[in-house]
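One chain, chain A, appears in both complexes that follow, with chain B as partner in the first and chain C in the second.
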Partner chain A sequence: MLFAWMLIIAFLAFIACMFEDLESDIGSQSNPNSQIQLAPEMGYIHRYFNKAISGEGLSYALSCTISGTIAMLILLQLESVGPKAAILAIPVGAAVGSLVHMVRSSVCHVGREAAHKRFEQPIYLDVLYGHLLPIATHNFLAVICITAIAYIQSNLGILSGVAGASNPFPLPLLCLIWGLTVGAIGSSTGDIHYGTERAFQDKPFGEGRRVVYHGQICRYADCGVRTSKDVAAFCAKFGGPATGLAFGLIVLFENWRTVIGMTLGGVAGPGWNPSLAAAWGIGIGIVIAVVLVILARAIEKWARNKYGPFVGE
Partner chain B sequence: MGEEEVKQEEKEEKAKPKEKFKISFDYFNESRLGIFALIIGILVAIFPGLPAFIKAIGMMIVFVWGADSVRKTARYGLGTGVPSIGVLAMGFGIIGGITGIAVASMSFGTLVVGGVEIAFGVLAGVALLALLGFVSGNLANGDKFINMKIPGLERGMTELGIAGTLVVLIETSIITGTYAITSVLPNVINNGVIAVIFIISAFAMLQPLNTCLGADERRGRTLLMSIEIGGIASIILGLVTALTLSAVQGVPLIVLGAVIWVVFYRAYMKACMKEAYAVKGTGLIKTLGG
Partner chain C sequence: MIEALLLVLVCIIIGGLLSSLAVHLMPVGGAPAAMSTATGIATGCVMLMTGAAVTGLFTASTVASFWVTKPNVILVALSGAVGSMLMMGFTMFVGNLIYIFGAGIVPCSGRVAVDPITKDSQTEYKTPRTDGHGVPTASFVSGILGGFSGGFGGALIYVVLVSDSYAHFSVATAGIVAMGIFIANAIIAAYNIGGTIEGFHDPKFKARIRTGLTCSLIVSVLCGVIIVIAMLTGTLAGGVM
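Moving on to the complex of A and B:
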């Protein structure tokens, strides 16, 4: 039963991080945002949505924590109903969280474009209105998954029937931690696909962005002027699922080693030995990390052999 | 290549914000706003018996001060690192807030004069964080240490420490109505409300500058947004307060938050639309050289 819930958590993490990455691509948040911000200053007027709430980690921490707080308040009110109250509490909390996120992104676009007055960057109202709904819906799916994960973790003891499996942290704090994590993974893994392969399309393998080309983003799509919405369709094919897979695997490995360690230590039963459980958990974790490092090195070598070294200037 | 870089540097020079005070905040320049918010914040923080919506107004004034301090500290950068400054302020704030609450819940920390509770003890947290902020500002800026040479960093860090601490204290007293640790622990810390206090206060301080950043950033417009986030914070704190204290404290807070949010959101959006280069329904982009 414990393993089944762990798999559900990993699956929810996969979906959450996939939608998190697509949402940040729609608003060009995080790393690629620096180039979207520089573009008008270099004379490249664009029609991208400039969503500079903050880094992805923090902005997801905000919407997930608000969602978790609202869900906790509803759960406290409906304590007599039992675990079924979560069916109402989690979606309502996530809706409030994504509403706040949408409001925050609406002020971002106008604020940053108004600050580009001297570079003659206008505010396009269709860009503003057209992006808010996709941002809110993608954010809702990410936040609802994160809130569900936090709920499952803080009630795991009751749900799985193994006493002592619940996380000691309260729901909003878990949401804060998970929100920060999902944002951080989405920022580090997914932005590469959007930034280097969509915002800049013409550069040799292995080359970083040269200072000369800063702000020189691709402003035209296959048909007409590109907006951030077009980017989501592109990233949904590879970048989003890859990011989701990265986060899902992290959550899966992390929970897997913990659960196996706890089982070997005799999960809170008569033979419960916390130090044995911790030792097994840490040992399996180190083995997983070593295997991943070797795999990553092999992939890097293969790519360098196939596509050649960096040519330089 | 060399020429291009020089050009870019010139443009970055030009991109420094220009001080123009148009709509409001022209009386409250940086120093006046700081002194005003410090006095209001301390007054609101040491009287935990005040009604929640008055405390919320105090909280918003401290938010504005915090956002102004973030602006002061971070405007020399390109925009990266602005969120970290806001989070740093709230990290200071959590330490100072817990210290202040701990001292205030000791026997000598709170005075009762004619039935009115005066919690002088919280000032210990404020003073500690003023010192800590000043020391960390000096460490970062001093010649012998990291030597970052950011103008006004010491002052900015001190103000951030004080503002963060005051915000945590005021929000705690909104939710619990007292500084007694027996009431603060179950209502704020054990149920995780401290997480929402942390993140939304950090956003009220970090988001205004991060969002309005650019060559034509204007202080009045930036600070409007801080009050707008204060409105959202009041709504959420009102929901929590309605459960921990009573609906009598919570509902006025929600109403106040909603009114403030609508008014300042409208004001901010109008200011942006008015000050932008142009507002177009739709249209194609200007092509280079043509």
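Moving on to the complex of A and C:
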């Protein structure tokens, strides 16, 4: 049962981080926002949604913590119902978290675009209205998955029937932890596909974006003028799922090595040895890290051989 | 009692120093890295390191609960270190996958001509008028070491705060306080770095690490003194949540 729950958590983590990255792409949050912000100053009037509430980690930590706090309050109110109360508590918590996120997005976009008046960047109302719902829905999916992960982890002992499997942190704190992590990963990995590729699709493929290109973003779509919704459609084909994979793998291997360690340490049995369980977890983790370094080197070598040195001016 | 107070103070200082060292070891490219204009991971130092540290903190909290009383400080701190290391490893690995397969870019350093670990030449793979792109092997290894160091520091602070042999804070309070001390050190280190850094091989690392660690020492001593006062007065002990 412990392994089954672990796989559910990993799957939820995959979904959460994928939608987190796509939501940040729709709102041009985090790193690529520097280009959307710079574009009007370079004479590139655009129809992208421009929000930079904060770094993705903090923004998602707030959304998820609001969600976790509301969910915990509902769970405490409905304690007599039992674990079934989570069916109501988690979605309601996530809905409140994403509504707050939507409010912050709208204020942020209007404020930023108003500041660009001197560069003749208009505030397109259809851009504002058209992007708020996709932002809220993508955010909702990310937050509901994180809250569900936090709920499962804080009640894993009861759900799996293995005593001592629950994480000691309360639900809101787990939401804060995973919210911070999901944002940090979404910012570190998914943004590359948007910032390097989608935002500069009219520039040569396969080279770093030179400083002179900064601000000269691609403003035209396959048909008509590009908006941030087109960015999400593009990044959903590679950047979003890859980001989801990163978080999913982290959560999977983090839980897996701990569970394997617990099993080898004689979990919930008379021969329970906590030091042995912890040592096994550490050992397995170090082996995974070494494998990652080898894989990273192999893929770098492959890219160097396949693509070759830089050609051009 | 005095022994426990001193041990908590020393562990907080060591944890703080390791957190600061970790941030300096991170290959952080910031916003330019997202546009493949700089080598490293495409996010800010604090964001990345905090994400890694809290992942380690999660595992450390689970491992600390293996013991009914008196958790093993070294094993819990090592569990946290490995957790952060894995978070960093997977993030850098998938980041490189997107650079290579999503944007057709070869990872290379912009600060050194030869990778100090693989001895591969970097200059001819670099796009002109950029500061490198992707996460080359030296930066990858540096990031892994940084994750280990930061995770160890964060988890060490957590375990001495939560252990009934030392500070005996509640689990939630210990988690929040450990995160707070860690973030304070990470922000100071980020100011010291001032932009992007590629890892231990970056000339910036050698030039700035002393200042960073000195500032971290001051911050950690201040944080440690506040914790010791809290332990003596009992304001935080037993938990406020």
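To be clear about the criterion, the second predicted complex is superposed on the first by the 303 of 313 C-alpha atoms of A that agree within 3 Å, B and C clash if a C-alpha of one lies under 4 Å from a C-alpha of the other, contacts with A are read in each partner's own complex, and residues count from 1 in each chain.
One rule holds for everything that comes next: a contact is a pair of C-beta atoms (placed from the backbone, for glycine too) under 8 Å apart; a residue touches a chain by one contact, two chains touch by 3 or more.
The shown structure was predicted, so the numbers you read here are calculated from the model rather than taken from an experiment.
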Open item on the list: With both complexes superposed on chain A, which partner does A:V110 reach: first (chain B), second (chain C), both or neither?
Closed with: first
Task: chain B versus chain C as contact partner of A:F169, first or second or both or neither - done: both
TODO: Once the structures are superposed on A, label A:P241 by its partner contacts, choosing first (chain B), second (chain C), both or neither.
DONE: neither
- [ ] Classify the contacts of A:R304 with the two partner chains as first (chain B alone), second (chain C alone), both, or neither.
- [x] second
TODO: Kindly classify A:G97 by the partners it touches after superposition: chain B alone (first), chain C alone (second), both, or neither?
DONE: neither
Task: Which of chain B and chain C A:L292 touches, first, second, both or neither - done: second
- [ ] Kindly classify A:S34 by the partners it touches after superposition: chain B alone (first), chain C alone (second), both, or neither?
- [x] both
TODO: Please determine whether it is chain B or chain C that touches the greater number of chain A residues.
DONE: C
- [ ] Indicate the residue numbers of chain A shared between its chain B interface and its chain C interface, in ascending order.
- [x] 34, 55, 58, 169-170, 173-174, 176, 211-212, 214
Open item on the list: With touch defined as at the start, can you tell me which chain B residues reach chain A in the complex?
Closed with: 1, 4-5, 8, 11, 14-15, 78-80, 82-83, 86-87, 190-196, 198-200, 202-203, 206-207, 210-217, 221, 225, 228, 232, 236, 239-240, 243, 265, 268-269, 271-273, 275-286, 288
Task: List of chain C residues in touch with chain A within their complex - done: 30-31, 33-37, 41-44, 46-48, 50-52, 54-55, 57-59, 61-67, 71-72, 75-76, 78-79, 82-83, 85-87, 89-107, 118, 120, 124-130, 132-137, 140-141, 144, 171-172, 175-176, 241
Task: Residue ranges of chain A in contact with chain B within the complex - done: 34, 37, 41-47, 52-55, 58, 61-62, 65-66, 68-70, 72-73, 76-77, 100, 103-104, 107-108, 110-126, 169-176, 211-212, 214, 219, 225
TODO: Enumerate the contact residues on chain A facing chain C in the complex.
DONE: 30-35, 55-58, 164, 166-170, 173-174, 176-178, 180-181, 183-185, 187-197, 199-200, 205-212, 214, 238-239, 242-243, 245-246, 249-250, 253-254, 257-258, 262, 265, 274-275, 277-279, 281-282, 285-286, 288-289, 292-293, 295-297, 299-300, 302-304, 307, 309-310, 313
